[in-house]
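In the two complexes that follow, chain A is the common piece, with chain B as its partner first and chain C second.
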Partner chain A sequence: MYAQMIKSEATKEDPEKLAAFQARIDADDKIEPKDWMPLGYRKTLVRQIGQHAHSEIVGQLPEGNWVTRAPTLERKAILLAKVQDEAGHGLYLYCAAETLGVSRDELTEDLLSGKMKYSSIFNYPTLTWADMGAVGWLVDGAAIMNQVPLQRTSYGPYARAMVRICKEESFHQRQGYDIMMKMANGTSAQKRMAQDALNRFWYPALMMFGPSDKDSVHSEQSMAWKIKMNTNDELRQKFVDQTVPQAEYLGLTVPDPAVKWNDKTKRYDFSEPDWDEFFDVIKGNGPCNTERLAARNRAWDDGAWVRDGFLAHARKKAARRMAAE
Partner chain B sequence: MSSVNPAPYDAPETEAARPRDEWPLWEIFIRGQHGLNHRHVGSLHAADAEMAVKNARDVYTRRNEGVSIWAVEARHIAASSPSDKGPFYEPAQSKVYRHPTFFDIPDEAGHM
Partner chain C sequence: MTPQDLFQYLLRLGDNTLVLGHRTSEWCGTGPVLEEDIALANTALDLIGQTQMWLGYAGEVESEGRSADDLAMLRDVWDFRNVLLVEQPNGDFGQTMMRQFLFDLWHDLMLANLQKSADPRIAEIAEKASKEVRYHLERSTDTVVGLGDGSPESHRRMQAALNLLWPYVGELFVPDDIDAAAVAAGIGPDPAGIGAQYRNLADEVMARATLAIPSDPFAHKGGKSGFRHTEHLGHMLTEMQWLQRAYPGATW
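Here is the complex of A and B:
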């Protein structure tokens, strides 16, 4: 997902406090910033919310790539609004992480140095305009699948950020599907582009949910803490069940011959993505890892004088006001 | 309030955050179209008050969510302490007569 393979921290604290904390979570109580919480809960959340925030920010890059080349002025305005929303999502999430005692710049620096990760999906390139359709439809669609249950997560600021984000997400998915409909019903060349985009984004979208449950070692604690609401495989299956009929409606073919309705399970059968590829991308060897990180570093470095200038100006103004009083 | 913290967020139990030159944190309150109170919507960083209001417009009112913005630097917010939860609000527990349903008014008296 936007947060993949989050390692949850073991916690060694006063068993009485831990039990009381778990009881609050089991009672669906929200944990707020100043409440006592196990160190492991705090650390795991910083890692998870931070990675989620980084994904929103880095996720602007593959779509930003097409803003200047959108086919119409209206498409351009829509894409711009969508990318701007993602910046907002990053902000909401950084603020939620900050309530746990990390600073915004610390998180940013950990992204820029490669110490913290962002979702594997954003390390794939966006080669044609149809990719804007596939990204909105599949990538935002997969994100929604994960973010909707997270509105009920146990940490108050994270849950509230998710409520805001979910309100804005469905526009993203629908604008993507709208692009796909246009392309799939267009000329044969356009239809080919739409099919090609689906071919390239299908498995990377499935990987967004993280490794198969049998290989996800850290889920149990996170699920007990209600900072992970569903298992990876549950969400992946849900995503496939929702998406296959949508592809059929477009007249496109999911690039997996194993995709077939299973009358017994009442779900679609499908093939697992290539997990070696997934782990390789996570390690930094995806097609765009270097480019993405370089772009974020450049933006941060180029913006330094602006941040410093505003701060110096604000301090000078404050000093002048003090002197006048 | 028996214990008021200077900042809305406690420092973490991990190593203290290194001091840095970051734009301060602001809490943002927005009043919607329909005359309700300003409501806390979230926070953001800005160098000064003017920028905080402008950033709040961009971050929190992209879909006509509000017609008025308040920005308050987070360090100026006084907050009650979570450990008081019980005792702090205890005085309200025993005063059931503050609720209208405490009083039985006969139907004959009409709507009240």
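Here is the complex of A and C:
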């Protein structure tokens, strides 16, 4: 999940309008930018779509970390294309957020100042090439789990962005799994790398779905608005059920001794991640929070003269056109 | 043209795209604006794809069983045949795009000629690549003009980039024995012949960009022949080749 811990805004508005709005949502109507919507709905969406967009953008960094060290030309091209897709996802999502009356620059400023968050997963380091496999397999895998239902979310521009994004995410996941296959069937060093990557990314991937439902107090309103389609625990369970057999197929061991098929529930039992670690990362104390935010700030600051230069050029051109007319 | 000469000729084409593609990929996710990130990645992807074609063919011509990846990942500095221009560091965005423009302009002219090559494989690759490079050139031209004729600061930075990189342009047009063999076999153009056309087009773009090409005609060389690369290339290869060197024989 690329948007974690989104607090739903309460809403105090005309009860009649609210009821009519809720009726549209219940009838699976899509809400479009020009439609009336409760302020809380708008604010919650801005926060969620913005956080999702920021996650795509910051998410470029852990994988960008390996682009220049990719082992073959083909792997380099695949990885670069993937990171490029993520930039594209960021772009679609910023555009979706803009339909709610907030500009990309405003959202960017809020990311850079630390006011807005991005997914905690991108605060973990990528240490070996196998991490490129693990990220595609687990992180994109978890993202898909969350985003597929969001294709049916009530806000039209968000739902449509999700449709485009989901197609590419499943491609990413397959490519990640393909890297893991190569590693798991490779030399003993490669196998070690693959296992090590799974060890490090397993719990952070489970955290991507957000805190346990019993501690997640903000979900109800979002579920009613169909901004959130499933509970955190539902999605996490689904992810575990899908991923454990995939790990077995690779000949890798999920780093949780409690993982066991439960014949009664027909699901896997598993251990909860360390939620203290999760809240630490959210608060800014993850292994890479400082670097990630610094990297985004540096890119933005270093690019200021470029953005200003293009703007100055556009103004000159417009002035010349005016003068010629 | 002997197979050895043809091999060298193809290495030059493939190493140019390999090295510039790699340099461009170093930007990954850190561009000045999202659209530029996407465009930089596009350029890098095109160049990597062209590298696979050029070096793949080079390996066939050499017929010692080396793949494009072997050639990219397992040669050391002195065996690289790219011009010095493309191995220059990225610097700021302006320097990167100035380097891109100075290369694209040559690349576009070169590929137009190579499409008429007597070697059908070269003609085929050149045709495919030229469609991509036409777009690269359009974009780098717009960037050089936009930032050259932009704000005072962007103008200053673009002029500095041009001053820094112009001495690496001349190498593109200095012919040697391998070029002569390519001309004789109808495989490729005379580099010197492209030079005049290049200069005219560059003058035109720089005039629109309000930038001045340095008057000193001095040109560094040594990349294309492999005699003397700059110090930058070794560091780039250290990073690019690390995994293949550290885990020899592994499949990825």
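Here is the rule we use: the second predicted complex is superposed on the first by the 325 of 325 C-alpha atoms of A that agree within 3 Å, B and C clash if a C-alpha of one lies under 4 Å from a C-alpha of the other, contacts with A are read in each partner's own complex, and residues count from 1 in each chain.
FYI, contacts are C-beta pairs under 8 Å (C-beta built on N, C-alpha and C of every residue); 3 or more make two chains touch, one makes a residue touch a chain.
Note that the structure is a prediction, hence the values are computed from the model and not measured.
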{"item": "Partner chain in contact with A:Q84 - chain B first, chain C second, else both or neither", "value": "both"}
{"item": "First (chain B), second (chain C), both or neither touched by A:R69", "value": "second"}
{"item": "Dominant toucher of chain A (residue count), chain B or chain C", "value": "C"}
{"item": "Contacts of A:D35 with chain B and chain C, given as first, second, both or neither", "value": "first"}
{"item": "Contacts of A:R320 with chain B and chain C, given as first, second, both or neither", "value": "neither"}
{"item": "Which superposed partner A:K7 touches (first chain B, second chain C, both, neither)", "value": "neither"}
{"item": "Which of chain B and chain C A:Y92 touches, first, second, both or neither", "value": "first"}
{"item": "Which superposed partner A:K260 touches (first chain B, second chain C, both, neither)", "value": "neither"}
{"item": "Touching partner for A:I57 - first (chain B), second (chain C), both, neither", "value": "second"}
{"item": "Touching partner for A:F310 - first (chain B), second (chain C), both, neither", "value": "both"}
{"item": "Touching both chain B and chain C, residues of chain A", "value": "81, 84, 88, 91, 104, 307-308, 310-311, 313-314"}
{"item": "Of all residues in chain B, those that touch chain A in their complex", "value": "5, 8-14, 17-18, 20-23, 25, 41-45, 47-48, 51, 58-59, 62-63, 79, 81-82"}
{"item": "Residues on chain A engaged by chain B in the complex (per definition of touch)", "value": "32-36, 39, 42-43, 81, 84-85, 88, 91-92, 95, 98-106, 160-161, 164, 168, 307-308, 310-311, 313-314, 317-318"}
{"item": "Chain A contact footprint on chain C (complex, rising order)", "value": "18, 22, 25-26, 28-38, 41-42, 44-45, 48-49, 51-52, 68-69, 72-73, 92-94, 145-147, 149-151, 153-155, 157, 239-240, 242-244, 247, 249-252"}
{"item": "Residues on chain A engaged by chain C in the complex (per definition of touch)", "value": "57, 60-61, 64, 67-77, 80-81, 83-84, 87-88, 90-91, 94, 104, 129, 179, 182, 186-187, 189-190, 295, 298-300, 302-314, 316"}
